[in-house]
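See the structures that follow.
The following pair of complexes shares a single chain, chain A, combined with chain B in the former and chain C in the latter.
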Partner chain A sequence: MFSAELFTQTLIAGLMIGVLYALMALGITFIYSIVRMINWAMGEFYMLGSYIQYVVVAHALGRDLWWLAVIISTAGTFLVGYLLQPILIKPMYARAMERRDDYATVVTIALLLMLRSLAVVIGGPNQFRPETNLPVMWVGPLPMEGARVAASVCALLALGVFYLVISRTWIGLALRAMAQNRVAAQTSGVDVFRLDAMAFAIGVALAGLAGALLAPLFLVYPTNGAVATVKGFEIIVIGGLGSIPGALIGGLLLGVVESLGAGFISSSYQNAYGFLLVLLVLLVRPYGLFGERGREA
Partner chain B sequence: MNRRVVLGTIAAALTVAASAASAQEPMVFGVITPLSPPGETALGQQVKRGSEIAVEYINEKGGVLGRKVVLSIHDTAGKNEAGVAAYRRLVSNEKAVAVFGFIHSGVNIAVNEVAKEMGVPTMGTQTGAGDVTAKRYDIAFRTHAVDPPRAATWLGWAKKNGFKRLSILAETTDYGIGLAKATEAQNKSMNLGMDIQTIMFDRTTTDLLPQLLQVKAFKPDAIINVGVGQPLDLMITQATTVGLLPTVPMVTSYDAPGRPQHWQLHKEQGVGVHFIAFYTQKSKLSDVGEWFVKKYQEKYNEPPIYSALNGFANALVFAQAIEMAKTTEPKALIKALETGSFKGWSSVPVTFPQAEGALWHNWSPPLMILKYNKVNQTQADAEVAYTLGDN
Partner chain C sequence: MADLLVTEGLTKRYGGLVANDGVAMQLAAGEIRGLIGPNGAGKTTFVNVVTGIERPDGGEVMLGGAPITGLGAHEIAERGLVRSFQVARVFGNLTVHENLMVPYFACDRTQGTAGALARASELLKLSTLEPLTHDLAKSLSGGQRMLLQACAGFMIPDVRVHVLDEPFAGINPVVKDTLIDLILHENRTHGAAFLIVSHEMEIIRRICPRVTVMIAGRVAAEGPLDEIARREDVITAYLGRSFQ
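For the complex of A and B:
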């Protein structure tokens, strides 16, 4: 039965979760733009961020400094990405590999399995929840966990900061140059290998940030990144691979469609509504709402 | 002639040696259980612990048919295909004589489709969906409550409390769908006249807010939480956020809140939660049941919960059945299981009647609803809010 109040509440819930999905998608699309590879282990960096958040809150800082733990989790995920990239990803370019896409797929799936298994062995099978000191808040007519409101606000802030870094800093300029033409950027004196590592680390840090923010809501366990990965890939298809505005709009659209579908059609098929949206976009605009038709020489 | 005698003697000697070797070979019991997410890993861990202690007990008593028993444990992560692959490996490669440990009904049902061809009997340790045994396969056994008595328990509890409107949130698995249908069917067949709202959700969903907003709009007197593992806990958390808990009582469909993890995850939010339980520290145990409880407490520094008890009992039941049949041959073992009476953890002996429907080859534990009234309360101290048959 339709009710305006239920519609508003469901819409707000969808928009808030959509912002968080967009963070995941942004990480995937950013890595693709610069390094020209799909990182299939993004969900595991999300998972890593959530575990660091739990460990830091539960065993070091406590619930009152949850926000500091988020910063530490993001930095920790960044560091792991920065250290792994030269070992796993750099050979793709350094050795002038022919089948780079296949290499990237195999390596990142292997990384996915390794990180997930490590989580099971180290963390065990149980679920955890890092606390926050945030009370329940009202967003319009909807009571929301304080952690969810904070997560959405932080995600928007992170997206804003990311945009500023990319558009207003030298590193952002260099990264954009690499995205446009890697060879030309390298010829111009940009250290593309160092920036590859930076881009990879930034991309996975965004996933880690999403994991840390969502940990109090969706719990911490070894496969909590799996669904986030699927959502991320849905969004980059909807929004367009390599498009930052596309990641945000795609995330919001996906969150709203899933939420409204579950609320007013049938909740059994909540995940299916997102896939239907993906199919629709592929039919109408195969390169995504904000994507560009690619050309390869 | 001499050559024939010699060859025949050699062949006979080899046969005797082979059977002697196989008689000394350990007997393999297969355990197929979830040990990693998205499966219900906490219960899987309990089953693993219980079955390991059972094997220690069995071997201390001299093994089965003079042979040592070993466990081969396989993780399904709650996935049907992983369970099927594990069963095939256990029976074909490892020569397992018995397979148990199932927590997820979907896995048990999928495995039984293969087991009916391969012949080695299976035992559902904590699988509730009717179809695990309702198909009346010879190989299918279960030591757990099926959908109808479970639904009867919370409907009886609701009736006792005068509730008229119930919301059921159930995952779209064999388990969830079965329980939702059983609840609706019994409401009708028993003329309870309750207004039931049924909402199904995908168990991989990470956000139940849209569903809970619908529940809130329905204004139920009680909520039945038919999630397993992560969705169960997510529902408790998010129901509190939208203002449903603690005002509207919630019953979980199995005893997940009985674990210490409940308080680590929920703290004050866990107070007031009701849950279906099959065992409390006040339940009457058999002598081996009491031995097990003591042994488990010594080993793990915490009391066992139902899953551990059932994992222990499943191994013991199979051992007793093999001793009764005097062989591990599957058909004879199945016959022994059908006709025998076995000692499990409960003071009530375990039997597997050839009954109708889901009660085929099924032994059901006693059913009750427990309620937590304060933080960090243990299952032993929880209030018994209802016992099946009370009204």
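For the complex of A and C:
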């Protein structure tokens, strides 16, 4: 049953979902690079993004303005991240303390539980689905849900915007400097605590964007971020922690491997193929495809 | 001349160790001062506390008459007190040029890029780093990193005091001379004051009219190097033998 056409279609489908995986992974790796901590609540910001998308589409804008709702969801997640970081994470960093990244990481686990419980309290254990006005689209010979195509295109756009911000703006330059040497950035006059909050907010906003874009496909419920978190960290292991190209390539790779596995072997093991990939990468390059063995101070 | 940087009773303890014990010091505007003392005398601690890397346990730091005690390092840098590190802290994965842009825009985003570019190209010429403008900083030698670090400090608009922690340690004589020229140039053209921690007595003698000696966390002496080098207490505590 192998045909070149089917292979191409599966590949395209894999790349399309891979872009969204990359978005999640990019958020994780970005926060790690700047704030030096693992944010385990990434999936919950994905969840937050999907809930905002649902509420805005269902109760305010309607399905024709789904794209505006996506922008609102992303901005909303950004804002929540920007406001939460100084309260929950900054106290660990503001004073010299040993193993502060560990404390910060534990705080994000608490945040994970809090946000999930909050979703249950507010929306109940129900599943929601925001509507979209997008018809089925043809990607080459392949029929695709419109929302899926739109999600990939929007994710690509977001990656482009992210790249521009990081490479072309003053904030991007300061963030890159901070990722390499926090103390030197500080003595250069960079307000590292403000940029911590900014980086955290940008990172979680990427997750929120993924949640908003995928809400019509993977639905909205309190634990929908769990899968997103797992995929995000799979990619981080594949690509290497702290590496932005690693997050992008790893995301695409995971999408393609899952898609091909589901298409040509068996779709019931779709989530297992990614872990096989992780094992393989770990055997060959334990620090990930683009990870560094050590970082230069 | 009015004193620009003043510390009073500055104290820093690490557990039972008193690294700085009531350090009082005054630096005049436009002055180039040497800060010398034996290893472990508390020079780097003093620099750290003054520039906001660490909080003092007591005492006060004033810059231009305003207290800056306990402010964050970036706030102190913005107020015009900038430091360099003994091991040059540059941004390895940024280009030499980007390394210079970071401090400029961190401290002043109102003046636009034209001023930044002009200043950067002037400093790159003076520091002889110009051919490396678009190389990544991690490809630089130790001495070149020191030059880059110093230039990055000079990029901050309206700096009043530069504190350099061991800028000449472990770099080759040619780079040393370039760095000295840079310091003197900045001092002459911008009137910036310098506080230079160093063990290089020849250089200190050449560029610092006055030095401050720290011994065991206290200021032990202050004055021209040659005068101080004859003092008995300084000789025993610091040099161990007659200097010269």
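By definition in this document, the second predicted complex is superposed on the first by the 293 of 297 C-alpha atoms of A that agree within 3 Å, B and C clash if a C-alpha of one lies under 4 Å from a C-alpha of the other, contacts with A are read in each partner's own complex, and residues count from 1 in each chain.
Convention: a residue touches a chain if its C-beta (ideal position, glycine included) is under 8 Å from a C-beta of that chain, and two chains touch if they have at least 3 such contacts.
Please read all numbers here as calculations on a predicted model, not as lab measurements.
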{"item": "A:Val204 touches, of chain B and chain C: first, second, both or neither?", "value": "neither"}
{"item": "Chain A: partner with more touched residues, chain B or chain C", "value": "B"}
{"item": "Contacts of A:Thr187 with chain B and chain C, given as first, second, both or neither", "value": "second"}
{"item": "First, second, both or neither for A:Cys154, with chain B first and chain C second", "value": "neither"}
{"item": "First, second, both or neither for A:Asn271, with chain B first and chain C second", "value": "first"}
{"item": "First (chain B), second (chain C), both or neither touched by A:Ala25", "value": "neither"}
{"item": "Partner chain in contact with A:Gly263 - chain B first, chain C second, else both or neither", "value": "first"}
{"item": "Chain B versus chain C as contact partner of A:Ile238, first or second or both or neither", "value": "neither"}
{"item": "Touching partner for A:Ala41 - first (chain B), second (chain C), both, neither", "value": "neither"}
{"item": "Touching partner for A:Trp170 - first (chain B), second (chain C), both, neither", "value": "second"}
{"item": "Chain C contact footprint on chain A (complex, rising order)", "value": "96, 170, 173-174, 176-177, 180-181, 183-193, 296-297"}
{"item": "Contacting residues of chain C [partner chain A, same complex]", "value": "51, 53-54, 72-75, 77-78, 82-83, 85, 89-94, 98-99, 101-103, 105-107, 109, 138, 152, 156"}
{"item": "Residues of chain B touching chain A in the complex", "value": "35-38, 41-42, 44-45, 77, 172, 199-202, 204-207, 209-211, 213-214, 217, 229-230, 233-234, 237-238, 241-243, 261, 264-265"}
{"item": "Complex contacts: residues of chain A adjacent to chain B", "value": "1, 3, 6, 9-10, 13-14, 17, 120, 125-129, 136, 142-145, 148, 214, 217-219, 221-224, 226-228, 258-260, 262-263, 266-271"}
